[in-house]
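Both of the next two complexes hold subunit A, though its partner changes from subunit B to subunit C.
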Partner chain A sequence: MADQVSAGVPHNTPVEAELTFLAADKLVAWLAALAAREGDLLVPDRQAGTFVPWTGGEPDLAKMTATSAKGIVLPQHETFLSYAYDDDGKVAVTPRVADTPTTVFGIRLCDARGIRCIDQTFGENGPSGADPNYTVRRNLATFVAVACTPADVDAACFCATFGPADDFGVADVVVHPVDGGYVVRPLTEKGLAAAAVAPVDTGATVPEPPLPSQGTAIDIEGIEQKLLAHFDDDELWSDVTEHCLSCGACSFVCPTCYCFSIADEARGSECGDRLRSWDSCGFACYSKEASGHNPRGRNAQRFRNRVNHKFAYYPELYNLESCVGCGRCVRACPAAVDIRDMVEAVMRRPAPTKDGAKAEVTA
Partner chain B sequence: MTDTVTMTPGQAARAKLIPQVGTVSEVVPEALDIVSVRVQLPEMPDFEPGQVGQLGIFGVGEATFVISSPPHERGYVQFTVARVGEVTRAIHDLTPGDSVGVRAPLGKGFPYRDWYGKDIVIAAGGIGMAPLRPLLLTLLEERDKFGALKLIYGAREPELLSYGADRAVWATLDGVDYVETIDREYPGWTGRLGMVPPVLEEEAPSAVNAIGITCGPPIMIKYTLPVFEKLGFKPEQVVTTLERRMKCGIGICGRCNIGHKYVCVDGPVFTLAELNELPDEL
Partner chain C sequence: MSAEITESQGTTAVKDSGGATVAVAVADAPVMEFAEAVALGLEKFGVVLGWAPGRDGNLAPAFARSAEQASALAFGPSAVFNPARYVRDHTPCAVVAKPCDTRSLVQMMSENMLDRDEVFVIGLRCPGVADMKKVVERYGWGARVEQVGPDWLVNGDKADKADLLDARCRACLRREPVIADVVVGEPVTPPAEAERFTGLPESMAERGAFWEAEFGKCIRCYACRNACPLCYCQDVCVAQARQPHWLTDEATPAENWMWQMIRMAHLAGRCTQCGECNRACPVDIRLDLLTQELGDTARELFDYEAGLDPGQKAPFVTYDKERDEWPIR
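Let's turn to the complex of A and B:
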């Protein structure tokens, strides 16, 4: 199984497959069939705010989880090596990589688009080639996405900003809720395998599923240039970040934020693990150097980096915004900071004058 | 089903977060709270002057340091480390024979082969000499390929000047014009006084067919770059190497970015022309 790294990503290969119809009362049977496969089956748990092992019964598919599905491929904490000192003080290092196949039922299309973003950095085209731990998890994960209905969309959703409703991201299967059941749409070989164990109604006429519902679209036309033009506009950044608590919640719930820290966890003095754990550019110590120098010591500088990363730096590298409009950061922020307000403030800010004088906001 | 398994050798080779286990061969005191640690590795890496590496102690952690030995000194890689935090305190406690983890080389070094035939001016401050030492020793190794060679090396106090053995050589070597300076008067110091930027301005090296290189504390770099420009160096002729907090060293953990560039993979060596294209966030 671990050899899937060298085997590339055949299971992620797109397929053209027929749509099928699953009756509503067969959903639990499908989950049972998925759970019977090798590995774990996870479903959304809104109480937990995340995806948890399925323990039977109907999954809660109304609205998205508080955290995104990124933890399936980039866990909040992941041991990537273990070390042990021998009696002579010599160290042996054992690289570690997960090998459990995971099927996740009920991610949202915004989750599927978020993982496409993380693929850019941790995949084979990333700055250092395919990350082994990420690649194994990614190749062993099957994502069953549920298309949003109008009832699933709330005021924080703004996914229409970033693409059409039929952009299925890296979903392996999309499940469209329709009258009386679900239309099952396999998109990859892994998805085909997951759909193959669904007790679909082979005789039924498959209805044409409606396009997934989307949130609002906000104006980001030309935002990359605007952000770079306003980099030194301290007044702008101080204003829009005034209430930020630097708690990092926005990063942790974000489906595209991938920053991590590395730390050793010793078990006594003889052995231990080295882990990577989610980090946030919102944290004050994130870029603080040992000398005490911190290029982003203030909130305004940190949040400027967050917004710039998502709407300027990342698009420069990958021609893709590192935001999918899921609205999770908006819902999670304890200080009601809304990234859409920042985007709007930047978009309507008059271009800086040549002599560097602060322009008056007229809008 | 196990939670984790050992990687196959092929995977481990691609696992750039996995260090080689090396053995400390020597710990050289350099200056006040600064030591150089020499490490022997099972597979000695090829590297360029200016490239960096991760040096770590299992159970404590790892941190990024420039490789301060030149590529032609085979048999070990050297890191020069100031004692400022938890990892560096543990590094200062190392003794020969100790096991350490090393991931090197990382990043891009100085493109010194592009400088053949040119005059070279180096302005270094404090521990900022660490990336410039392997550069200078490499230039001296290929001395006939360069024009005039000038090094200005300054520190706040005499005790903060590293590489005493090297400095003694440079001071008498015909091949390099070596200027040593201390920020302000200090008991027992009879040499030159002044911070690196004004001393560079006084020395006024010609910008014609020359390359200016600087490294030091961020504040020194900030004031040295304009001096080079004032002396007539164009942004393409001025080179610096940046410090930034790093974790992964391979461009994926996020923190060392300046705009869309990552210091750990796109740098740490940048020309002023390249920096001018990036947001001002040093």
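Let's turn to the complex of A and C:
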């Protein structure tokens, strides 16, 4: 299904391409050219806190949006299929798959790295095979990332923890702000197609763009084993989560959190939709079973899952942390919970006692 | 204009002839230094809820269980969090509370959700706190706000206090705790007039567009609910229930609006306008305009303000349409 829909559109294949220079006053013309292509053009809107359809004018590229770009490939809610009873009383099921190409201008490199994390699970090489809806959206999306300048980095950013400054994630094009304009760096076939409509200055000398700025790294050396060793360290988890309000703000703004729930929503008695929507380990009902039992009934257990998922389970499965250090959770938290504090608390925690060591084996 | 003074469970409410509460004084609560009050709370219940400096130096919610942890507790312009939210999970406990926070405690008591004997209230006289979103907007994330003498400093430099003062503090005339076992701080002169939250368009058509845009931003993270000290059924909230099934997970403006209307309906006559839902919202939905409306309506229809007296009952608890003396105007 994914192949059918994405056939004929430029793909994610990496390319080697020349850097070009776009004068600052040509940016809007480039956006207009991108908007003239098939599909939607989204730009960041800090007022809305997210990416919205471009309606003309200069995009607001200062600082990142409150929510991440993940919703473009993994929407907050989507209809998988619709069902309806026909005249004979039989149920007809209609799959629903998105098929609108989207170009997103102005995601951050942390967004581009976040989507790489989600690719591991939902993408073509995922453990359960490609998720059809995700793969279609992903293959139809062109990501134009803007490289951060020193002014874009704040005290919540810690992306240097997870890789070098020139890790462009799954960005199709990177735009580097430089004096008087932008250096345009196509990275994939899709990116080449997007760059091809940019009114670049073909005669200009292309300056060497500076490396993107990064937030300060934290120490996570060996955290995977530490976390597994402290799985049953209830005192640790209760302590670091005591002020957490157990809402979903951190996971819903996170560029890598992808937990979801599925529900059938009846639209009257004759038809309805099957929805997939974001879920959060913050919520008390997260992982609650139909019996009423919840293996993670306490917030400390749920938040442990959050930290372990990002820093132990994902590295174990994919050799990749499921955190990109964008700091959105830190900025969004209404109770000043900082995942860096949790990581550091785990890192400096003395090795578990005998009971803890036993827990490591059974965890 | 004659004032009416009523006493109930250790608090004294002073009302003007129009029925509006103009001052609330805590009777018989000794005034003491912050550290002394915290030590007393620790001695009494073994845990003190308050604020202590976090990673960036600004205050964050904190739970002191030792003398060392207690010595880290502090108050300042970044003490924006309402510790009353944590009290139910920690009783018996001591809690450091701003006047607005004490109103949450009082409301919980009036709803039989909190036993007065299980909480030691360290009531602060409050000069107001900062709008931390504004601090971030002006100075960048992580900027440190502190009080030195009468001034507020941001990253060590004197800042425009009037500009940074939280709108909920500009709207607040109550600078004394409503309920307290001990009182901390010098008396604070409240502003002459309570500022109103503004920004709601005049015409109904514009309002429709305004709220559609506001609720178009909502990501249904329920930070508003979980930050609210009075949304205490949050773990079994109707918003995420299948039976009754009033809402879907579709984060559309209509569903998001419906969610917030359910929440507001449940807070009608109960909301003390502590402003935590508005502060908690990660996408800055103007919930302050809604809670202000709740407060206005309760006052206009029922001559009622929530969170002023542990003995009072919310209008929807006591409402009796047969009662002709009911003060609906």
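Points worth noting:
By definition in this document, the second predicted complex is superposed on the first by the 342 of 363 C-alpha atoms of A that agree within 3 Å, B and C clash if a C-alpha of one lies under 4 Å from a C-alpha of the other, contacts with A are read in each partner's own complex, and residues count from 1 in each chain.
Note that in this section contacts are C-beta pairs under 8 Å (C-beta built on N, C-alpha and C of every residue); 3 or more make two chains touch, one makes a residue touch a chain.
Everything numeric in this text was worked out from a predicted model, so none of it was measured.
Bringing the complexes onto one copy of subunit A puts subunit B beside subunit C with no clash. Of the two partner chains placed by superposition, subunit B and subunit C are both touched by A:263.
After overlaying the two complexes on the shared chain, residue contacts for A:231 are found with subunit B alone; subunit C is out of touch. Applying the stated contact rule after C-alpha superposition, one finds that A:341 touches subunit C and leaves subunit B untouched.
Shared-chain residue A:155: touches subunit C; no touch with subunit B. Using the contact criterion defined above for the overlaid structures, shared-chain residue A:305 touches subunit B, although it does not reach subunit C. By the document's definition of touching, of the two partners only subunit B reaches A:274; subunit C does not. Touch criterion not met for A:167: it reaches neither subunit B nor subunit C.
Shared-chain residue A:201: touches no atom of subunit B or subunit C.
The superposition-derived angle at subunit A (between subunit B and subunit C) is 90°, Cα centres, a multiple of 10.
Taking subunit A as the reference chain, the count of touched residues is higher for B when subunit B and subunit C are set side by side. Taken over all C-alpha pairs, subunit B and subunit C come no nearer than 7 Å in the superposed arrangement. Overlap of the subunit B and subunit C interfaces on subunit A comprises residues 261, 263. Partner subunit C is touched in their complex by these residues of subunit A: 48-50, 66-67, 76-77, 154-156, 242-243, 245-249, 251-253, 261, 263, 265, 275, 277-278, 280, 282-285, 327, 331-332, 334-336, 338, 340-341. Interface of subunit A with subunit B (complex): residues 1-3, 5-6, 38-39, 79-81, 83, 85, 89-100, 121-122, 126-133, 228, 231-232, 258-264, 266, 269, 272, 274, 276, 279, 281, 286-291, 293, 295-296, 301, 305, 308-309, 312-314, 316-317.
By the touch rule above, subunit B contacts subunit A in their complex via residues 1-8, 10-12, 14-19, 21, 58-63, 84-85, 88, 97-99, 101, 217-218, 243-245, 247-248, 250-260, 262, 265, 279-282.
Note for the complex: subunit C touches subunit A at residues 54-56, 58, 60-63, 81, 85-86, 136, 140-142, 213, 216-217, 219-223, 225-227, 234-236, 240, 242, 248-251, 276, 279-284.
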